[in-house]
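After this come two complexes, each holding subunit A, first together with subunit B and then together with subunit C.
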Partner chain A sequence: MTLVSSRGSRAVACAATILLGALHPLALVAQDPDPLSRLDTQTRFTVEVIIDSARVAGVPTRPLLLKALEGAAKHADNRHIIAAVRSQFRAELDVRVALGSTLNESEWTSAVSALQAGVPLEALAKFRGERAGKPFTRALVVLTDLIQRGVPVPEASSAIMQLWQRGAADGDFYGLWKNVEQDILSGQNPGTALQQRMREVPVRVAPGTKLTPASQEPDNPSS
Partner chain B sequence: MTEQDPYVDWIAREAKRAVAVDPMAVERIMARVRLAERPSRRPARWRWFVEPRSLPLSPIVGAALAAGLVGIGVFLGHLNIDRGGQNPTGRSATVAPRPPLASSDTSVIKFVLVAPHAANVAVVGDFNNWDAKATPMTRTKTGGTWSVAIQLPPGRHVYAFVVNGANGTTQWVADPTAPLAPEDGLGAPNSVVLVGGSAS
Partner chain C sequence: MTELKAAIAALTFVLFAPQGALAQIASKVQAGSITTQQDGEVPASVFSVAPGIRVDLPYLALAARGSAWLTGQQWQIADGTISGDLISPVFNHFRGEVIGNASRAFFDRSLENDQVDAQARLHMLFAQRGGIWVGGGVARPWRIAVVSSVDVTGGGAWTRVGDAMLSGTYTNFFFTKVAATRDSSGTTQSCGTHNDPLALSSAGGSSLSSSATSSATNDCRRQSRFSDVEGSVNWAMGWLELTGQAGYRFGDSYDVTPDSRRWAAGTAVVWITNRVAAVMGGGRVPANPSRGLPARNYANFGMMLSYNSIPRTTVPVAPRTLAAVRDFEVRPLATGTQKITVRVGGVETVEVMGDFSDWTPLVLMRRGRDIWDITLPVTTGVHEINLRLDGGPWLAPPGLPTRRDNFSGDVGLLVVP
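Coming up: the complex of A and B.
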């Protein structure tokens, strides 16, 4: 079909060209094929170098990309974005040392968060020794949150490890977290709140489970 | 009276002279007409699509038409690109590919925030590439509760709410009903949601 404008095809062509030019950036944003374009050139270059390093090292790259995008969304300055991405990368390397590299992305990120919250590598490594195919994402998410809310790191680590060794269900972790959070919001000392609420969690030991000494002292956090 | 040109008289005579027509001529013509193939009343439909024609267009209509075509392209591109972190062009080296997830693996998660004085609220997180415009929340008819329900794949997802006030201020808020993610130096706290059994 031939389109012929009464005012001339040139006018239509000009208008279409201008419109296409105006809409082109919108099209790119909508498709988002290059999310790092939200960063300035120098920051992008640095982030890409870190991501390449992660790829070579065999640790997840997507969390690094997402960290950079989070920084851009929050309008953090370039220095903080790079620092956050670099911190994430270093933590991933530490997680690999502590837990190995056969983790799914959720396990990677939850372990990184636990490290960044202050859980020592040795405590994290215990999850590897006791893993036996059990996912520990939820345990680490609750552990990280408890530390964020003021529970001392040794107490929180010990309590969550005990629960996990006992075979606590997802609901047990969630219930513990919810109760401790409410107690803290009510003004209770975070460590005390955890200690008291731990007594309410039912013991679920699977037949044949070998308990470690730590797990045999369920209600004795160091506070 | 002027003397007439003899050629004019001759032309006038010839014009008035009756023309002798062969009486069979009409029959012969009609016989040929009857033998000729009868033209179809309807032209072939496909011709309508290929026949060139003129379509008068004002510049504004032409521009609107171009915008529509671009919109279709954007829509199709949005459908085609970056599902599960994979780019069919293969040019994105920075997005780590994720295994495609069947729709049955996803769960609908409802995010709710009470913000009675907000002008608009959005949920932003790793599931929408931290795009503050991607997932706006809707205010309920009563009160200042904002909510949105979205499908998420199994796993751990980090997110926050972006609350825009009526006075133009923007504030990042963690979900008060969800576990906290650790501070990451980017200036605002995040929350964590776990989707699926054991969030595997």
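Coming up: the complex of A and C.
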């Protein structure tokens, strides 16, 4: 046996090396310069009009673009894509009314999700009143999921607001959600599962904080 | 020595590239002993190193693999293949596939040839239980006694039974070759045209051409046709994977030599860790007349270092539900990058997409047994994410809070702290 030394082998070896180099991982992280090109002309036009409206209204435009791209990726028909983008735009306008426009991207996302899940505007607005610099992203994410899993909106909103007022950490919200999810998967009534699991969440109180009784609605929260 | 340096460079790339961030590349290296025996010859053993690399894009897979043998004190590049596989989305249970390969075999001076081939297939998927496919294509070999393109047509079916996957294929081969005037049983065959300059020039500059020249008066061009029926079963349970296959070749005695009429082989893979496995197997491989490769028995034993242990089979798997996902984990790596790991068995592809990818599907890489991962730039905050198995519906990953997506589905809400 001898080492291959034909011209053909050399060409194959070089081609393979070049191919491997060309396929380096970094080469695969390409940004689509015109993502809306995934939509047909009419849908794209309508989406662009909505995005322009959002820009004028001073609400984030990227979530609208992403919603359109999500619809295209899921092969939704054009009517549904436009409806979803419009719904997102309306929800952003409502969130701005409820929480103001000084939200970061995560807060916009979580607030829109909560609103679209069915959280009333008034309940959402309480997070602004009680905000005091406390992040509410995780609270709203968990609230959205609980409602989706069948916990009645008033009970879910009240419970999450109560926890948030008490200074629950992100881990507390996540732990509550995991436990309630397991209970629901085990066949328990969603509302009952939330009530029972709420009792297990530790109370974290900042110095000087006045506690709201657990049975009381968080309409008159302490700060 | 240029080839050896190139091979070392390629091997180095294969070993280290997958560890980079944003890796869309997977690879494996198998090393061990291979013993082969052609009928009537003394068994020969070599130490083989076989690296492979694969790049998966949403509907395109590119792969390169090769092997080098250590015989005596010298390394020899034994074979190499570069391939591409274009796969369409599933539409009403149908999926299209176009496969292209370019390969070179160089087992010894008498078994040196090249081939390019292309095939198109149409798959029909039945829920999660199985599927069928039909297809056809053409292959063009060089430097052997085949003087025409090789037409390949066939079909197959597969189904899952518990942890086992059963598949069967039927493949027809049709080509023209330069061959002896007597068949494998010694009977004189009628020849169409005696060998001509075209045939000999097509045979190329290998040693085969000289042998063809020396026996010019006894050679002829003849159309060959044979069909292979092959069944296989793959069974995976925990750390053990077993694969067995058996086949039968239909054709007259001219096209099918007795040593290739039937065959069987088996392989066992024992996973020591998620990335390291012991591989052993043996059996019989039939001749490949369209490639000029003889039938042989083989036995192999070696180790596999795997980032992508099992390349995607040509049989696609129907959509599965996320109930099969045992674990979904997102872990921070370097600044701004997250590693998404999914544990799921019995699937061929795992994809994610979300706002972080502008809702472009990204294919996860198989890292050893049942583990799939991808490293992505994901900023802190709330992100929406979907997961898909085997081209099925987009679903929210397990273990994440969810929300409705306004498109009759759900998305997972991933909070990156």
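The criterion applied here is as follows: the second predicted complex is superposed on the first by the 178 of 223 C-alpha atoms of A that agree within 3 Å, B and C clash if a C-alpha of one lies under 4 Å from a C-alpha of the other, contacts with A are read in each partner's own complex, and residues count from 1 in each chain.
Quick note on the criterion: a contact is a pair of C-beta atoms (placed from the backbone, for glycine too) under 8 Å apart; a residue touches a chain by one contact, two chains touch by 3 or more.
Just so it is clear, the structure is predicted and the values come from calculations on it, not from any experiment.
When both complexes are overlaid on chain A, the residue A:60 reaches subunit B alone and has no touch with subunit C. In the superposition on chain A, A:90 makes contact with neither subunit B nor subunit C.
Of the two partner chains, neither subunit B nor subunit C is touched by A:128.
Judged by the touch definition given at the top, the superposed model places A:113 against both subunit B and subunit C. In the superposition on chain A, contact of A:145 is made with both subunit B and subunit C. With both structures placed on the common chain, the touch criterion links A:51 to subunit B but leaves subunit C unconnected. Judged by the touch definition given at the top, the superposed model places A:34 against subunit B, while subunit C stays out of reach.
Looking at the shared chain after the overlay, A:76 reaches both subunit B and subunit C.
Of the residues of subunit A, those at positions 1-5, 12, 14-16, 19-20, 23, 26, 31-32, 35, 66-67, 69-74, 76, 80, 83-84, 87-88, 104-106, 109-110, 113, 116-117, 137-138, 141-142, 144-145, 148, 170, 177 touch subunit B in one of the two structures and subunit C in the other.
Residues 49, 52-60, 62-63, 65-67, 70-71, 73-74, 77-78, 81-82, 85, 87, 89, 91-92, 94-96, 98, 124, 126, 129-132, 154-156, 158, 172, 179-188, 190, 192, 194, 197-200 of subunit B are the ones that touch subunit A when the two sit in their complex. Of all the residues in subunit A, the ones that touch subunit B in their complex are 1-7, 11-12, 14-16, 18-20, 23, 26-27, 30-36, 48, 51, 55, 60-62, 65-67, 69-74, 76, 80-81, 83-84, 87-88, 104-106, 109-110, 113, 116-117, 134-135, 137-138, 141-142, 144-145, 147-149, 170, 177.
Subunit C makes touch with subunit A in their complex at residues 1-4, 6-7, 9-10, 13-14, 17, 20-25, 53, 55, 57, 62, 64, 66, 69, 71-72, 74-77, 80, 82, 104, 106, 108, 114, 353, 355, 358-361, 377, 380-384, 394, 401-407, 409-411, 413, 415, 417.
Here subunit A touches subunit C in the complex through residues 1-5, 8-10, 12-17, 19-21, 23-26, 28-29, 31-32, 35, 63, 66-67, 69-74, 76, 80, 83-84, 87-88, 104-106, 109-110, 113, 116-117, 137-138, 141-142, 144-145, 148, 170, 177, going by the rule given at the top.
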